[in-house]
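Below are two complexes that have chain A in common, paired first with chain B and then with chain C.
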Partner chain A sequence: MHKITVIALNTFKEAVRNKVLYFLLIFALIIMGFSGVISDLSIAAPEKLIKDLGLASIDFFGFLIAVFVGIYLVYNEIDKRTIYTIVSKPIDRCQFILGKYFGLLFTIYVNIAIMSLFFFAVLYFRESTQPDMVNKALYHEITPGKWEAAGNPAIQYYLFHAKQFGLSAGKAFITIFGYTEPLTQGLMRVILMSALGLAVITSFAIFYSTFSTPTLSAVFTFLTFIIGSLCEDILRYTDKLAEKAGGVNMLTGADSLKYWFAWAAMHITPNLGLFDKRMDAIYGSEFVNPLDRYVTVDWVVVVYGLLYVGGVLCLASMIFNRRNFK
Partner chain B sequence: MIVIDTNKLTKVYTHDFIDVEHGRIRFNFFRRTVALDHLDLEVREGEIFGLLGPNGAGKSTTIKILMGILFPTSGSARIMERPLGDKTVKGQIGFLPENPAFCDYLKGHEFLNYYGELYGMTRDRRRRRIPELFGLVGLPDHAPNLPLKGYSKGMLQRIGLAQALLNDPKLVVLDEPQSGLDPLGRKEIRDIILALKEEGKTVFFSSHILSDAELICDRVAIINRGCLISIGELNKLLNTKIKDYEIVASGLSGAAIEALRPRAQKCIEREGDVLMIVPTETEVNEVMRIVVNEKARLVSLTPRRETLEEYFIREVSRHAPDEETAREGAANA
Partner chain C sequence: MRRSLVHNLILVALFLAFFSGAVAIQRRTLEGVRKNPPFIETWNLSGRSGDILKILALRYDMVTADFLWLRAIQSFGGRGMTNRDWRPIYNLFDTITELDPYFEDAYTFGNLVIGDEGGKQREGLALIDKGMKNMICQYRVPFEGMYVAHWQMSDTNLARWYGRVAANRLNAPDWVPRIAAYVEVQGGAYYVGLDRFIGNFLRGIDGKDTVMQTISLSKIKDTIDDWNKSLLQRALDEYTSSTGRLPARIGDLVSQPALQNYESASISHFIAAINRYLFASGRDTLDAGMLKGYVLPAPDEMTKPVPSPEAVKAAKSMTPFQNEIFRDTLEKRGGIPLSPAGSPYMLNLTSLGNPYASRKEAVTDTANAAEFLKNLLGDMREVIRKRKNELGRNPESLREVFCTDFKTTEPFGGKFTYDPKTGEFKSSSHPDM
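Coming up: the complex of A and B.
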């Protein structure tokens, strides 16, 4: 376990010295920041737009980090031949793979934490700077119905916003550690489930990089992500094919091929839709994820995700154990 | 104790199905290359063993198999009487690969600390050992805080050697340890290898630099095209008889030089000196007589024995035609 931790920490060190990580993180933060601005364009429920865009950014940029940082981690060690001196040390090759995986996952989670902090800060800041609250800060009622500016309005305006910004950041910070209020109710659950989904997709990124080039690994990981996210549609498609033919056994020719190809793709790739709880948290129970009709309890999804991670990492270790490093 | 023992170790590379060479697609249907062919080696405890051979002979392949980087196609090997890959044994081995590359985002001390942790060394031991090693391998004072991407080739070779000695290993395996080093660096590496032997460690290394190998090796093995050509103690392998004599004289007249020329195998004039290689003692006496008669000055007289380089070239060229015949025979069969 100690050696896995050592490799994981070194992988984290390697990842945080990678410029791609910062580009992705900055881009995600810019999108979240802008979500506060463009929410004004929304006719109704602007905070829903902020939530949707923020949570989608956390998930998507977490995925991009898994792909663009993950696919190079194992490949670079082999390509640059740094693996020679590592495998000659008293460690197992599977310890190396696990170390790389947990190091990458730690990097992704640190980034998710930073993005979440920013996301909650934007939400709190937006809520605390509603026009009526700004007015309250800029003017005070001297007699019923008669208002007067509280000092220089421009200075008061900036001071108020600066104060709210600080307070929002503080509240966002404690939200990450479990504090919730109606505005952020259920959002941590969405982020945690999304983090679990990323753990699954990261295991695939590491798995592909044990036997292919970075470009191919990226393509494979994207395909896994797309198929995994479209599981519900693929399921509907296979159901429709079977229904049209009057049963699975009645399928012939191209339809049979399509059915079994779709069936295999759906069963090999993880059902990533299960980790997406955004609909539930943002729009309420009437807009729940359609996949929740199969799995309604979170811990079942957690076990499902962990089993996938375990299985994929076992396969990755088996392949890596047999590899010759020329 | 036999520290390294290989038994009919064989490695066959299977080529990729499709290769692109010089912009042209090349199909390699079942194309295979024998990198190592039934290699039997024994390295004894406490000796400096040199694995020598021309480019592509299979030296690095042998070392990579022993270090668990490659898997043999057939045959077996044992290190310290344990099978390859045994973690207890790995903890007692230090390894420096050829043209080493390391995690270049790490600073010198971070890198050694990381590898120290992989060896399972305690924090106290690492704290004591790492500064010691920077001094031992001759890295400059700023090296510990310099990222490895800023290291020169020679510095990388030195820090590579430092990581190989980090765990105070019983067996040190070095693949071309002197490549990329200047003459001073090569001498320092030689001295470190000799110091390791004095500490009772076994050193197994491959090298192209035969003059250095001759100076430090107890035993050598020469391999060519994956086959073992010869193995043994240097003083037994090399011919101890005097091969010829090298004479350097100065102040000889032109006529005297012309008189000496037919007697010498080689006669080279250089800034007033004449260097001659003569085959027998009789020729030496004759040269001496002329030098005395001419009242010239004898600068040096050196009897020459066979060098490792000469032995190596002789053995490699002696086996090359047989190898070709054998390969052709195998291909025809």
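Coming up: the complex of A and C.
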């Protein structure tokens, strides 16, 4: 366990030196900040726009970090020949893969935490600086209908915004640790489920990097992500093929090939849609299903995710064990 | 050193040449954009775009829907200035709602753009129908459908259907069933409307909400009034089709089949029934102030016993007795009914047979007809006063005011008189008005 922790921490240190990570993070933060601006273009549901864009950014940029950082982790060790010093030490190759995996996962989760902090801060800040709230802060009512400016309006305006910025940042920070308001209800659970989905994708990135080049690993991981995201559509596609032929047994030729290829693809790749709870959080589960109560943690999905990660890491370790570094 | 400087200078010069060329071209294209109205063409999405985009968007379909939504808002602004082709914008909203099936605003705003603004109400309602299927708990989407069907398409049957769906939705506020009941009444479903308003009234009693009680009572009165008028209109139609002429007075309709042994409701029966049940349950009867302006029941009607006094006394709520109260409110009768306000019904002779007046205006009650006459006189006097100001004297005749013969019939069957000496315009039936 200690060995895995040491490798994981080293992997984290190595990953945070990767400039790609910062580019992706900054880009994600810009998009989230921008969501506050574009929501003003909408005549309705501005909060929905911010939430949609924020949650999608956290998920997608988390995935990009997993791909662009993950694919180099094992490859760099081999390319720079530092792997020889590691395998010559009493470290099991499985421990090496696990260390790399947890190091990368920790990097991704730190980034998710930063993105979430920013996302919640944007939501809270926008809510607390609505025009009526700003007016209340700048003017106070002396008698009904008569208003007086509370000091210099320009200075008060900036003071008010600075105060709200601080408060929003504080609230955003505690939201990550479980504090919720109606505005952010269920969002942290969505992010946690998303993080679990990223753990699965990260395991695939590590797995591919144990036997292929970074470019190929990136392509494979992207394909896994695409197939995983379309799992339910592929299921419908196979159903349609079977229905058209009058049953699975009636499929012949190209259709049969297509059917079994799609069937295999959807069973091998993880169904990433299961980790996606964004719709529940945006609309509330009552909206979608009145019998359900808001975003709930689906423990079957959690177990499913962990089983997938375990399985893929075992496979990665097996392949890595067979590699010859002599 | 010198060589390096020259090298750099060449690079700077090349940069300036390339970059300024690019900026110049960009400026020209931007000027071209400015000359055209914004967003003339909306993206040419088809009916299948939603399905395809849903796959292409992977799991980010809600964000894709948001961007299309922003685009739709911009396109709406642009399209308002250009043509009114509904298809591209319909496909846009259809695609948005395929990607994000719970995007309530996309359905309602899409319906507004296509139906209200674009005049294609049927196509707007197609979006509403889709939203109703996708969001089974929300009242707002079917409510919008009711609004469009009733107030824009004048299709009361369709409006009633949307109204019923909206009123039964889980998150429907109190006012939705009230408006739905109003639409029921407008569509001629008086039994349903009356039942709904009685239900509202009883909930007002249970919640000790006098405002709700007052509104509901007023709506019950309007429902009974509309019901009576619809019977009289039917009798009027029967009279004109059987005799080939218009009736001279309301009494001419008495022998028509529509007014023989018909069922309607009575406000006095309703008040009596409510008071009986309130009394039996040990509560205070209705406040006399609330009943001002309604036909009150006879004292003996108030003292009739309720069918099961023990059950009424034990009940904590009045709503379980809605069916009984509803049945007590109905009555079978024949002849000309009395309006719930107590004023007799009459034919408004100004509107009767007037092709510009709505069919409903032909039957009114005396109080309303007096109000109508008062407004008519006010309007006429205002026109005459303006003409007087133009001429600097009283008009010699009404022909000098209206440039044609004055043929408007007086609602009560009297005559309009104009005195050129004094400039007074009066009605012979209400000379003091």
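FYI, the second predicted complex is superposed on the first by the 313 of 326 C-alpha atoms of A that agree within 3 Å, B and C clash if a C-alpha of one lies under 4 Å from a C-alpha of the other, contacts with A are read in each partner's own complex, and residues count from 1 in each chain.
Definition applied: a residue touches a chain if its C-beta (ideal position, glycine included) is under 8 Å from a C-beta of that chain, and two chains touch if they have at least 3 such contacts.
All values reported here derive from a predicted model rather than from experimental measurement.
A.B. asks: Answer with first, second, both or neither: which of chain B and chain C does A:T85 touch in the superposed model?
C.D. replies: In the superposition, A:T85 touches chain B alone.
A.B. asks: With the two structures laid over each other on chain A, which partner does A:K13 touch: chain B (first), chain C (second), both, or neither?
C.D. replies: first
A.B. asks: Check whether A:A45 is in contact with chain B, with chain C, with both or with neither, and answer first, second, both or neither.
C.D. replies: second
A.B. asks: Of the partners chain B and chain C, which touch A:L117 in the superposed model: first, second, both, neither?
C.D. replies: neither
A.B. asks: So, A:L53: does it touch chain B (first), chain C (second), both, or neither?
C.D. replies: Second partner only.
A.B. asks: Check whether A:L192 is in contact with chain B, with chain C, with both or with neither, and answer first, second, both or neither.
C.D. replies: A:L192: touches no partner chain.
A.B. asks: Quick check on the superposed pair: does A:I226 touch chain B, chain C, both, or neither? Answer first, second, both or neither.
C.D. replies: Touch partner of A:I226: chain C, not chain B.
A.B. asks: Could you tell me if A:L315 is touching chain B, chain C, both of them or neither one (first, second, both, neither)?
C.D. replies: neither
A.B. asks: Name, in rising order, each residue of chain B that touches chain A in their complex.
C.D. replies: 13, 64, 67-71, 87-88, 90-91, 93, 95-97, 99-106, 110, 114-115, 117-120, 160, 163
A.B. asks: Residue numbers of chain A touching chain B in their complex, please.
C.D. replies: Touch residues, chain A against chain B: 2-3, 6-7, 10, 13-14, 17, 80-92, 322, 324-326.
A.B. asks: Going by the contact rule set out above, which residues of chain C touch chain A in the complex?
C.D. replies: Going through chain C, the ones touching chain A are 54-55, 58-60, 62-63, 65-66, 69-70, 73-74, 102-105, 109, 135-138, 170.
A.B. asks: Mind listing the chain A positions that touch chain C in their complex?
C.D. replies: Answer in residue numbers: 38, 41-45, 48-49, 52-53, 56, 59-60, 225-226, 229-230, 233, 272-273, 276, 278-279, 282-283, 286-288, 290.
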